[in-house]
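Once you scroll down, you'll see the structures, which are given as structure tokens.
Shared between the two complexes below is chain A, which pairs with chain B and chain C, respectively.
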Partner chain A sequence: MEQHNRFWRVVLLAAPLGVFGIFVLWPLFSSFYYSLTDWNGFDPNYSFVGFDNFAKIASDRLFLQAAINTAIWMVAAIVLPTTLGLALALLLDSRVLGARVFKSIFYLPICLSAVIVGQIWIWIYQADWGLLNTIITEVTGEKYKYAWLAKPDTALWSVIVAWSWQQTGLAMVIYLAGLTAIPGDLLEVCEIEGATPWQRFRRVVLPLLAPSTVVVVALSVINSLKGFDILYIMTGGGPFNSSDTLAMHMYNESFKKYLMGYGAAISVVLFLIAMAIIGLYFRQLRKVDRIYG
Partner chain B sequence: MARVQLSDLRKSFGQVQVIKGLDLDIADGEFVVFVGPSGCGKSTTLRIIAGLEDATSGAIRLDGRDVTRTRPADRGIAMVFQSYALFPHMTVADNIGFGLQLQKQDRALISRRVAEVAETLHLTPLLTRYPRELSGGQRQRVAIGRAIIRNPRVFLFDEPLSNLDAALRVQMRLEIARLHQGLGATMVYVTHDQVEAMTLADRIVVFNDGRIEQVGSPMDLYEHPENRFVAGFIGAPAMNFLPVRVLGTQLEVPGMATIPVPPGKEAATELGIRPEHLHVVDGLSADLSGEVELIERLGAETYAYVRVPGLPLDLTVRLPGETALRARSSIALKIDWTRAKWFNASGRVL
Partner chain C sequence: MADLAPQGRFNPWPATIFVILCVLAVLFLLPTVGVLLSSVKTTRDISMGDLWSLPASLYLGNFAEVLGNPAVHRYFLNTVLVTLPATAVSITLGALAGYVFAKLPFRGSNALFLIIVAGMFFPPQVILVPLFRMFNGMGLIDTLWPVIIVHSALGLPICALMMRNFFATVPNALREAAIMEGASEWQVLTRVVLPLSLPALAVLATLQFTWIWNDFLWPLIFTQSDDKRTIMIGIVNLKGQYSVAWGVQGALSLVASLPTLLVFLFFQRFFIKGMTMGAVKG
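Take a look at the complex of A and B:
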């Protein structure tokens, strides 16, 4: 019996471990390996270049630009959906007329793929006949019409807005669940002790939403690190690399310039950044766990 | 400290009226306990006094001032919840000092007051801990600490001990009694545990179906219940009820020889006898005889559940702890007629 169980345990574990090995571990270690080579992606003959690719990164102006953009992208892509999601959740948690309908409407964008969201917002931002410029023209005349995605100063932020529009619904749903989980008597204590609405939010509701915030932020970090598709669709990293993120830069170096070894080096740096963020996340998680159990 | 007056208090949730007109006057410094079965309106009444629920009609006065529409925070009350309602993200010190922090009191003053309260409640070594690192009893003490730090005029307790184990409940009961003696504050306490009610209360208010059945001191309610509900609710184990029938000048009790109707009890339909007012005797002088169904030994005392032929329910008899009686043995019982209660068809005491 024990022997039989052991057999099935091994078989059932082997399948997912096999998939994980082939699709995660193998590419991961391959990236580490290729980052030390000058492979172009096709040629079987390539040479081992040590840390040259990493040295090149240090002097790559476009990498620096992409790193700055990634930082802006990540901070905005975390802060905006989280804040907006929380605000919507607080609003819809109180007895607003039609709250149920609004919950569904605000959640809807998360069901769309990033490609579709990107395309919708390309139409909204379209310079000549897009929704945004049409409204602006109606209100202010031609004066403030703008090519939102085609200008370096607005391209990245325009994508961030589109991204936030999609991600806010997810944050809202998680916060709504968190608000429902706050015991009513804790809010009654606030009432009896004379807390103002702001004190109640700041000192009780927000801290009690910490477990939800941890989840929302974790999802935002993961989603924003993976946030390649919407940028690719909307701007392709342009114009003039103004919306180039590290993921975008890695893609361009690897698959457009065929510098697979250099692209792999960028991916290794991205991996290390992700690990550092995840490390911070786990530290925070332990702290939340101590309090909320 | 304050006097609390409720006048013609009513509360409805939609079509359902849960409080059906309460009048109650709680004296300054009094410890009043609300008891009653689940759903009788005792907790709702407490929440109306706190201001957490609005009264549909009627008035609440604190020291003569009408506070019916006053915000909870402006009533000068403090409440201790069944669930303790401690903030999980705050330390014990922050939980206790919460009210003072909201008032933006001076930090040094808050620390001093927290330290004083913690000292009173033996919480000083726990001030830096989080609620989940405390035991149930410690958590309840923190909740009490948060209530006393603001020197409220009235303390409201909503079943504060029901989440604690039996031993801890006894200990906390004593602490609350001591606290009342020390502070001399007006306290209103809701419980369904009548031992808590009997031991803590200056006066007990018995609730049933949104109304007050009777108000009185614990012994007053025990010795002189006004109706069948109070007689059955106060006292553990509960009073025995025997159906009776008056036939002319004779009274018929199932399982018993007929007796002459006692004077003034002509309208009796039921006889109530407390378990300690049934005495084991030899067969000759017995009023009732039957067989012991079950024996419960509690140490200091023993309860015997006796089946008497003709009676619909077993009789409960309180016996000394060291009784030799066993299950299945025959038993003869004498009623202490001087302590018996008689009830008419509408449940009033005759």
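Take a look at the complex of A and C:
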């Protein structure tokens, strides 16, 4: 029997592990290798430069800018979609009229491509007839023309808001799933004991939603690290690299300037950051599991 | 939060919540509505600041322009040629791996499973340079092959995860009985377990289809000539051609999103289930 099992394990795992090994794991490891070279993307030859690329990272002003922007994006990703998603989930959980329709509306952006989302929001931010300026003009009564995406001060935040619009629905469904797991009699007890709605939320609902919060926050952070498509469409990292992120910077160095060795070094840094976050995530998940089982 | 008022008295909460939700829903829909509106308006109307009002009459010229453009046909065909095989292959690989992890575990299989699942979380930039070099060496740059292959490989984490979790709910006795009857492991998988797993397959099909259809990064890296581009890259390319033809751009966005919008409308249940399952169990 054991022999039979071993035979079938090999047969069934050969294809998936082969594909995953060759096209995911192997490239992952060779990223480390290329990060020590000066490969330019088309020349078959390259030479070893040791840790030069990493030394360059340390003195690369644009890298620093991109790292700061990525950090800003991550914090915003934790705050914006998470709180908004939680608020929507709480509102929808009260079995309000038309809850299903509302859910679909808030969820719809998730199935749109980042390219489309970027396109939509470019129009909202458009200087002459964009929705945002139109509203500001209506409210203030003065013709308002501000190119949100073309100004270094607002470019990054404008993209983050657009991105959050898309991500909120995901946070909402995860919180909704978490809310259904809270036993109804517990909430009844709160009411009998005379807890105010705020106390009920703060002391009972929110702690019981901790597992969902861990998932939502982790997903937001990880997705913000991946944030590339929408940025590419909306600003391309500009103006003057003011909205660059690490993922964007890596792409520019590798595929615009053809500094693939340097790009690989940036991707190694990106990998280490992702690794740290994932490690933290799994640890938190286990902790939450232990407490709430 | 709604049932706070004591019995018998008027309870203002449901109505308040309903109104709040309506306002939020309108705000949330505005961006999408903008695209819809733009697609049925002339470029002149839009640039004169008339984008956000309801149109007096439907102008279908934008759609005619988009649907009559041979480049759009090409982009669409390429996207189908990438999305369908990559969706099928990634789910197949996920089912194979998921079956072993659920029904034939071995020492270290949990660790292996975790490594595969972790693949879901990494920014794709991490493997960009080596993959480019690899496919360049194979002479596959500027074909659809690298896009199909990479999507098949990167789909494995979510597919293996979801299939393993689903297979774990299929009773072991079923498999043992079939093997007693002389069925091979392959027959157990294809004749017994898979037919029971249609819900999980539906979830994965909707998720994978949507993600691959919407993808931008991989075709951007691996294809160069215009007749190899997928629709999402095509939209960006055509932006030059229709630079201020906002209405045409709107129609183009809508046409490009139509397949995923349809999938979303008809399979929303699966879609949401997959998103929460993948996220929570991950």
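Methods note: the second predicted complex is superposed on the first by the 282 of 293 C-alpha atoms of A that agree within 3 Å, B and C clash if a C-alpha of one lies under 4 Å from a C-alpha of the other, contacts with A are read in each partner's own complex, and residues count from 1 in each chain.
Throughout what follows, contacts are C-beta pairs under 8 Å (C-beta built on N, C-alpha and C of every residue); 3 or more make two chains touch, one makes a residue touch a chain.
Because the structure is a prediction, the values reported are computed rather than measured.
Participant: Mind checking chain B and chain C on superposed chain A, clash or fit?
Facilitator: Fit.
Participant: Thinking of the overlay built on chain A, is A:Arg61 touched by chain B (first), by chain C (second), by both, or by neither?
Facilitator: neither
Participant: Who does A:Lys143 touch here: chain B (first), chain C (second), both, or neither?
Facilitator: A:Lys143: touches no partner chain.
Participant: Quick one: the Cα-centre angle at chain A between chain B and chain C, nearest 10 degrees, please.
Facilitator: That angle rounds to 80 degrees.
Participant: A:Ser254 in the overlay: touching chain B, chain C, both, or neither? Say first, second, both or neither.
Facilitator: So A:Ser254 only meets chain C here.
Participant: May I ask you to decide whether A:Leu219 touches chain B, chain C, both, or neither, giving the answer as first, second, both or neither?
Facilitator: second
Participant: Once the shared chain is lined up, is A:Gln199 touching chain B (first), chain C (second), both, or neither of them?
Facilitator: first
Participant: In this superposed model, does chain C or chain B come into contact with more residues of chain A?
Facilitator: Counted on chain A, the partner with more touching residues turns out to be C.
Participant: Return first, second, both or neither, reflecting whether A:Val189 touches chain B, chain C, both chains, or no partner chain.
Facilitator: first
Participant: What is the contact status of A:Arg283 with respect to chain B (first) and chain C (second): first, second, both, or neither?
Facilitator: In the superposition, A:Arg283 touches no partner, neither chain B nor chain C.
Participant: Looking at the superposed set of three chains, what is the minimum CA distance between chain B and chain C in Å?
Facilitator: After superposing on chain A, chain B and chain C come no closer than 6 Å at C-alpha.
Participant: Under the contact rule defined above, give the chain A residues that sit at the interface with chain B and also at the interface with chain C.
Facilitator: Touching chain B and chain C on chain A: residues 191.
Participant: How about chain A: which of its residues touch chain B in the complex?
Facilitator: By the definition above, chain A touches chain B via 183, 185-186, 188-189, 191-196, 199, 203-204, 207-208, 210, 290-293.
Participant: In the complex, go through chain B and note every residue touching chain A.
Facilitator: 50-52, 71-74, 77-79, 81, 83, 85, 87-89, 98-99, 101-103, 130, 132, 146, 150
Participant: Spell out the part of chain A that touches chain C in their complex, as residue ranges.
Facilitator: It comes out as residues 4-6, 8-9, 11-13, 15-17, 19-20, 22-28, 30-31, 33-34, 39, 41-42, 88, 90-98, 102, 104-117, 119-121, 123-124, 128-129, 131, 134, 165, 170, 173-174, 177, 191, 197, 201, 211-212, 215, 219, 222, 225-226, 228-229, 232-233, 246-247, 250-251, 254-255, 260, 263-264, 266-268, 270-271, 274, 277-278, 281.
Participant: In their shared complex, at which residues does chain C touch chain A?
Facilitator: 1-4, 13-14, 17-18, 20-21, 24-25, 28-32, 34-35, 38, 46-52, 93-94, 96-97, 99-100, 104, 106, 115-116, 118-119, 121-134, 136, 149-150, 152-154, 156, 160, 185-186, 189, 210, 213-217, 220-221, 232, 235-236, 246, 249, 253, 256-257, 260-261, 263-264, 268, 271-272, 275-276, 279-280, 282
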